[in-house]
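Below you'll find the structure I mean.
Order as written gives the chain letters A, B, C and D; numbering starts at 1 within each chain.
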Amino acid sequence: MDKVKVGVVGGTGYAGVELIRLMLGHARAELRVLTSRGDAGRRVDEVFPNLRGYLDLSFVAPDEAELENCDVVFFATPNGTAMHDVPRLLEAGVRVIDLAADFRLKDVDEWSRWYGMEHASPELIEEAVYGLPEINRAAIRTARLVANPGCYPTAVILGFLPLLRSGLLESGRLIADAKSGASGAGRKAALSMLLTEASENFHAYGVAGHRHLPEIRAVLSGQAGTAVDLVFVPHLLPMIRGIHATLYAGLQGDAGDLQELFESAYRAEPFVDVMPAGSMPETRSVRGGNLCRIAVSRAPGSDTAIVLSVIDNLVKGAAGQAVQNMNLMFGLPEAAGLDSVSLLP
Amino acid sequence: MDKVKVGVVGGTGYAGVELIRLMLGHARAELRVLTSRGDAGRRVDEVFPNLRGYLDLSFVAPDEAELENCDVVFFATPNGTAMHDVPRLLEAGVRVIDLAADFRLKDVDEWSRWYGMEHASPELIEEAVYGLPEINRAAIRTARLVANPGCYPTAVILGFLPLLRSGLLESGRLIADAKSGASGAGRKAALSMLLTEASENFHAYGVAGHRHLPEIRAVLSGQAGTAVDLVFVPHLLPMIRGIHATLYAGLQGDAGDLQELFESAYRAEPFVDVMPAGSMPETRSVRGGNLCRIAVSRAPGSDTAIVLSVIDNLVKGAAGQAVQNMNLMFGLPEAAGLDSVSLLP
Amino acid sequence: MDKVKVGVVGGTGYAGVELIRLMLGHARAELRVLTSRGDAGRRVDEVFPNLRGYLDLSFVAPDEAELENCDVVFFATPNGTAMHDVPRLLEAGVRVIDLAADFRLKDVDEWSRWYGMEHASPELIEEAVYGLPEINRAAIRTARLVANPGCYPTAVILGFLPLLRSGLLESGRLIADAKSGASGAGRKAALSMLLTEASENFHAYGVAGHRHLPEIRAVLSGQAGTAVDLVFVPHLLPMIRGIHATLYAGLQGDAGDLQELFESAYRAEPFVDVMPAGSMPETRSVRGGNLCRIAVSRAPGSDTAIVLSVIDNLVKGAAGQAVQNMNLMFGLPEAAGLDSVSLLP
Amino acid sequence: MDKVKVGVVGGTGYAGVELIRLMLGHARAELRVLTSRGDAGRRVDEVFPNLRGYLDLSFVAPDEAELENCDVVFFATPNGTAMHDVPRLLEAGVRVIDLAADFRLKDVDEWSRWYGMEHASPELIEEAVYGLPEINRAAIRTARLVANPGCYPTAVILGFLPLLRSGLLESGRLIADAKSGASGAGRKAALSMLLTEASENFHAYGVAGHRHLPEIRAVLSGQAGTAVDLVFVPHLLPMIRGIHATLYAGLQGDAGDLQELFESAYRAEPFVDVMPAGSMPETRSVRGGNLCRIAVSRAPGSDTAIVLSVIDNLVKGAAGQAVQNMNLMFGLPEAAGLDSVSLLP
C-alpha cells in the first residue's frame, strides 16, 4: 500500500522533532521533506543526535522545498507563518495540518488582537477544521485544512467536555488551573527558560491573559451552546514534558454519578483514558504517548466537580494529535504510529 | 544579654535541620539540646555534612535529654508526639512551639478523625495559640504553647485573608489550588518520593481530603465570622522547596482596588510582601527566607479574584515561622535570625 | 510464526517494567507470566499506570507462576535470587537471562566476597555466558544461561575495548570515571535516593570498591589477555536515566588514528554508534534506546586517550541488552523490538 | 568603624547577584554602586525579586557610575572588559578584584590565544595577584589588583595541592574529571542551557581544550616547580550550583598517609574542609557557602590517589572567594560575610 508522503515545515522546533520521531515509527507514512530556515543543508541527525541511524535526510530551505509533491504538509512553525503558505499548497492539492494558531479562532478580529498581526488568509478560516478528534472526527476526515489545537486547550477542553454536555453545571464560572512543562515554550533561547532560572522554581504566567484563553472559551462555548465564563491560569513546571490541568466547576442539583458520566462519554475514544474513581493521574504516565488521562471527583463537602486531566504537551498537545488527524484524513487506523508505551521511570 | 536556650525534639527531619540552620544564624538564641531516637549519639554534622564547622553537638536520646533546662522547646516530630511530652515541659516552665499538628485544631473530635488517634492532652488544646503572627501576634507573645501552622495553611490563609476581611466576597466557594515541593513530605524513605518517581512528573494528591483542609477551613471561618466553603487541591512539584498557592474567589458588586486592599492589609507586616500589580511571584524568590510574597489580580473578563501566594514550605511554612514565634514569645526583634537573602539562582 | 513465550521474575523493579515496555513493542515475543512477591494479584497497569490500555495481566506469586511453559525467563530480581531457581528451569528446558549479578563472575570466591553470600549454583557458573553481544555473540546464540552485564560494565567495556585490542595502550592503569542516573539504584525506598536528597546534588560513591569493579576488570583482562589495572569511580547524577563513562588510557608510541580504530571496531555492530570526531555524546541521545554512543579523542597536549561512552542504564545497561540477547538466542533479528527512537527533549 | 565602600561592575550576571547577596550579609562592607549596561535605571530588586526588601539601589550605566569613590571595585563582567577600565581605577586609588579571566594568565600570548583578543593592559599582568588565598594569602593582602580564580581551577588546584607539594607523585600525568552545574555558563540566553536541553541530560564539553586548562596547568606547574601534564575534562551537570572535581594522580614508592597529608596541609585554612577518611563530599553540602570540601583516598588495588573536591561554583568558585580576597585586602576577618550555613535540603 502506498505510504502517505509527508512534509514538515519548521522541523527544528520541539513539535517538529516530535513529528519526526512519530513518523519514523509510522508504518503508513513517509517523511519526504523537512524544512528549516536556520539549519538548511544540515543533516537532521546532526541537529538531533538522537536520530542518528534512523533517517538519512537533511533540512531544506523553505523556498527550495518541493512541498507540492507531498500528500500532507505539517506546519510546526511560529504563529503567523502557515497562513502565508497554505493557499498555495491547498491549490496544489496538498492537505495541511497547522500546529500553530493561525486557523484556530473563527473570529478574525479576535485573532488579530491576541496575535498582534493581520491575518493573511482570512478566507480560509471558515473552512479550517479545529482538529480535536473527540469533537470533530467526521469533519477532520474530509478536511483540507486542519487547525491542530493548542496544548492547554486539548487538556482543558477534554476535561470539561462531559460536564458541559451533561447540563449538570451551575451557571457559574469554570476555573482551569493549568501547569505545563518547559517544552511548551519551544526550542528557542530565552533567559527565563534556562535550567538555572526555571528549575527548582514554580510560578504562574499570563494571568492577565493568555492566547489559549480565547481558544478554549470559544470551543467550550460552542459545545455548551452558550457563552462560558472561564478563568484560566497557566503555570510553568520545572520539568520538560507534560501538562496537568486541574479543573473546577460548580454542580447543580443532584449531579449524579460523575464517574459514569465520564466513562460513557469517552468509552469509544482511543486516546482518552478515564481512570478509576479516586485516581490522580501523573503526567509521566502519558510521557511520549498520545493519551489524555482523566480523573473526576467531587470536592469533599462541596458541590464542586474536580477534574484532573494530563497530556504530553508535545504529543496529544501537538505532534501526536497532528498524526491522529493525519490518520483520520487519509483513512488510516486512527492509532497508527501512536501506540508506543510511555517510558517509566 | 542572655540568649534564649533552645531545645529541638526530632532534629533529624527537614524542619529540624532547618531550625538548626536558622538558630546558628540567630544572635540571641543558642541551641542546647537536639534529640533523635534513631541517631542518638551521632554528631549532628555527621548526619548533616553541611553543618561541619558550624556546631559541636551530638544528638541525644529523647529520654536522656535535659529539656527542662531550656527556655523553649521546638517539636519537629511526627504528628502525635508532642501531645505526650508537652504537659511535663509546661509544668517545668518551658515554653513549647509544636511544628506538628497536635494543637492546630480546636475541635478535638475532628482532630481525631483526621489524624486517626486519640488526643493525649485535650485539656491543652484551648490554651494553645495558632502561631500565625499575622492574625495572632498579641496572643503569641504571651503563649506558653504555640501550634505552628501547616505549610499549606500559611500560604493559603495569608492569601485569602484581606479578601475575607473586606466583605468583597460573593457568598460562594473559595478554591485553593496548591503546589508543594517534595520536602513537604519530610525526610523519610518513601517509594513515591524517590527522584526516579517524583522528578519529571506532576500530579495531584489528597483530592478526597487532606489534613490541611480542616485547618485552613477553621481559621478562614474564624476570620470571616462565618463558615467558609473551601475547595483545596494539593499537588506535588518536582523540586525540593517551595509552595505556590493559586487562589480563586468570586467577587461581588464593585470590588474596588484589590491591590490597595492587599497593600494596606500587610503594610506593617515584616514577612508578607505584596508585590506590584501584574507580578507573578516565583517560589525561588523566597527560597530559604521567611517571606510570603503575594500578588493579587482580577481574572480578565471575570469577577474572580486571583491571588498568587508563595512561601518556602520549610521556612515561613515551618521552621522560620517557628523562629518568628519564638522571637515574639521572648520579646526579641521579630525578624531576628530571619534576615538572610534567598539564593538565586 | 510462533512468538517466543516470555516470563519475567521480579517484574516490579525498573528493569522489570522496562522489559515489559520493550516486550509490548516486540512483534516476535509475548509476555506470558510476570511474577512479584509483593504485588501478587494486582493488575500490572495498576502498579504502572503508564501501561493502562497496553496489557491485561496481573502479577503472580513466584511459587504459583508456571514458568516452565515459557521459552525464556528473565530474572529482574535482586542479586542472589536467580541462582536458586535457575537449575530447575534449565532442567525444564527453559532458557534463562539473568539481569542480576549471580552469574557474571567466573571466580566463585570473588563473587562471594563482593556479594556477601555463598553461591547456590556454582556448577552453572562456567556454563553461563556473559551477555555482551559485542564480545560473545556466537556463544550467546546457543547459551542456555546468559548473565546479562551490569550497566556500568557495559558502558566501560565497550568504551575501552578497541583500545585494549589495539595494542596501543601503555602498560599503565586505566581510569573509568562513571556517572549514573538514579534509576540505577532500583525501585526501592531509600532515604539517599529521595528527590530531596539526590536532586540538585552530585557526589561519588563506592570509591573504596564497587561490585562492578571486579566484573569490568575480569572482562577487560580477558579481552586484553593480561591483568588490567583499573581505577573505577562511580558517581550519582541528579537525573533519572543514563550512564556517562569518561575513560582515560595512556597511549604508547605512535598511536595512530583513534577515530578510525573505533569506527572499524564497531562498523558491524547494530547498537554501538561511534560518533564523528569531536563529538561529545549526550546521555539523552540514547534515552529509552538500546544504543551505546561513543566518541574518542586524544587529550590536548597529552598522550592520553579520552573515550566518552553513553548508554541508557535501563536499556543497553539492562533490559534492552537482555532483549538483544533473547533475540540472538532465538534466532530473531538482533534489533527486533529495539528500534524505537529516543525522546528528545 | 568605616565600612569598605564597594562597587560592582556587571551586577546582573550570576556572579554579580551572588556578590550582592554576600555584601548584604557583610557587616563591614557597603554596596555603593552597581552598574549594568542593559538594565541601567532599573531597580535591582526588580531584576532580582529575591532582593525585594533588602536593598534600595538601581543599576547605573557604566559610564555614569562614580566608581572612583569606592574603596574596591569588583568586575563581574565578561572576559575582556575589566582590562580596559582597571588602569583608570588603580590610578584613582581604587583596588580591583576581577572575577573574569583578564589577569589570570601570566603569559600574555597564551592569554590571547585562548581568549581570542589582544590584551588591553599587558603592563598590569605581572602585578596582578592570583587570588587563591590558600597559595597567595600574603600577596593578596597588599595587592592593588587581584585576579579571582576560575571555578574549575579553584576546585582542581585545592584538590591536587597537597599531593603536588608532597613529592609523592609519580612523574606522570594528572587527570581532572570535573563536573559543573549550569550556573557556570552564566546568565545569558543560550539554547543549550535551556531546562529542556540541559536537564535529564549529561555530557562532556570542551574536551579539545577549555580555557581553564592553561590556568590550572600554570598554577600547578608553579606550585610543583616543574611542568605538569594535566588532562582536564569538564562536564555539564543537570543542576544549578556546584562543582565536583574527581582527581586522579599516580603515586610512587611508599606514599604514606594521604589523609594526614591533607589534614595537615589545610589545618589552618578557614575555607578548606578535609573530610574524614572514607567520605564522599556532596556538592549540596557547600551550596551557598564558601567552603571547599575535600576527601582523599587510594584506589582499591592500585597506586592511584583519588581526590574528591567540591565547591559552590558561584561562591568559593567566584563571588565568595572574591569577598574572601576583599577581606584580606582590607584587613578584615577573612571569614567576614562568609559564614552562612548551606541550605539542606
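The definition used in the following text is that a residue touches a chain if its C-beta (ideal position, glycine included) is under 8 Å from a C-beta of that chain, and two chains touch if they have at least 3 such contacts.
Quick caveat, the model's predicted, so the values are computed rather than measured.
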{"item": "Most distant chain from chain A by Cα centroid", "value": "D"}
{"item": "Chain centre separation (chain B, chain D; CA means) in Å", "value": "37"}
{"item": "Mean-CA-position distance for chain D and chain A (Å)", "value": "46"}
{"item": "Rounded Å distance between chain A and chain B, as computed from the means of their C-alpha atoms", "value": "39"}
{"item": "Residues within chain B bordering two or more other chains", "value": "14, 183, 187, 196-197, 199-200, 238-241, 281-282, 284, 287, 345"}
{"item": "Graph class of chain-chain contacts, one of line, ring, star, complete, other", "value": "complete"}
{"item": "For the chain B and chain A complex, residues of the former touching the latter", "value": "172-173, 175, 177, 179, 196-197, 199-205, 207-209, 213, 229-233, 235, 237-242, 244, 246, 248, 250, 278, 280-284, 287, 297, 299-302, 304, 306, 308, 310, 345"}
{"item": "Chain B to chain C touching residues, read off their complex", "value": "14, 182-183, 185, 187-191, 193-200, 238-240"}
{"item": "Complex interface listing, chain C residues touching chain A", "value": "14, 17, 21, 24-25, 48-54, 183, 187, 200, 240-241, 273, 275, 279, 281-282, 284-289, 291, 293, 340-345"}
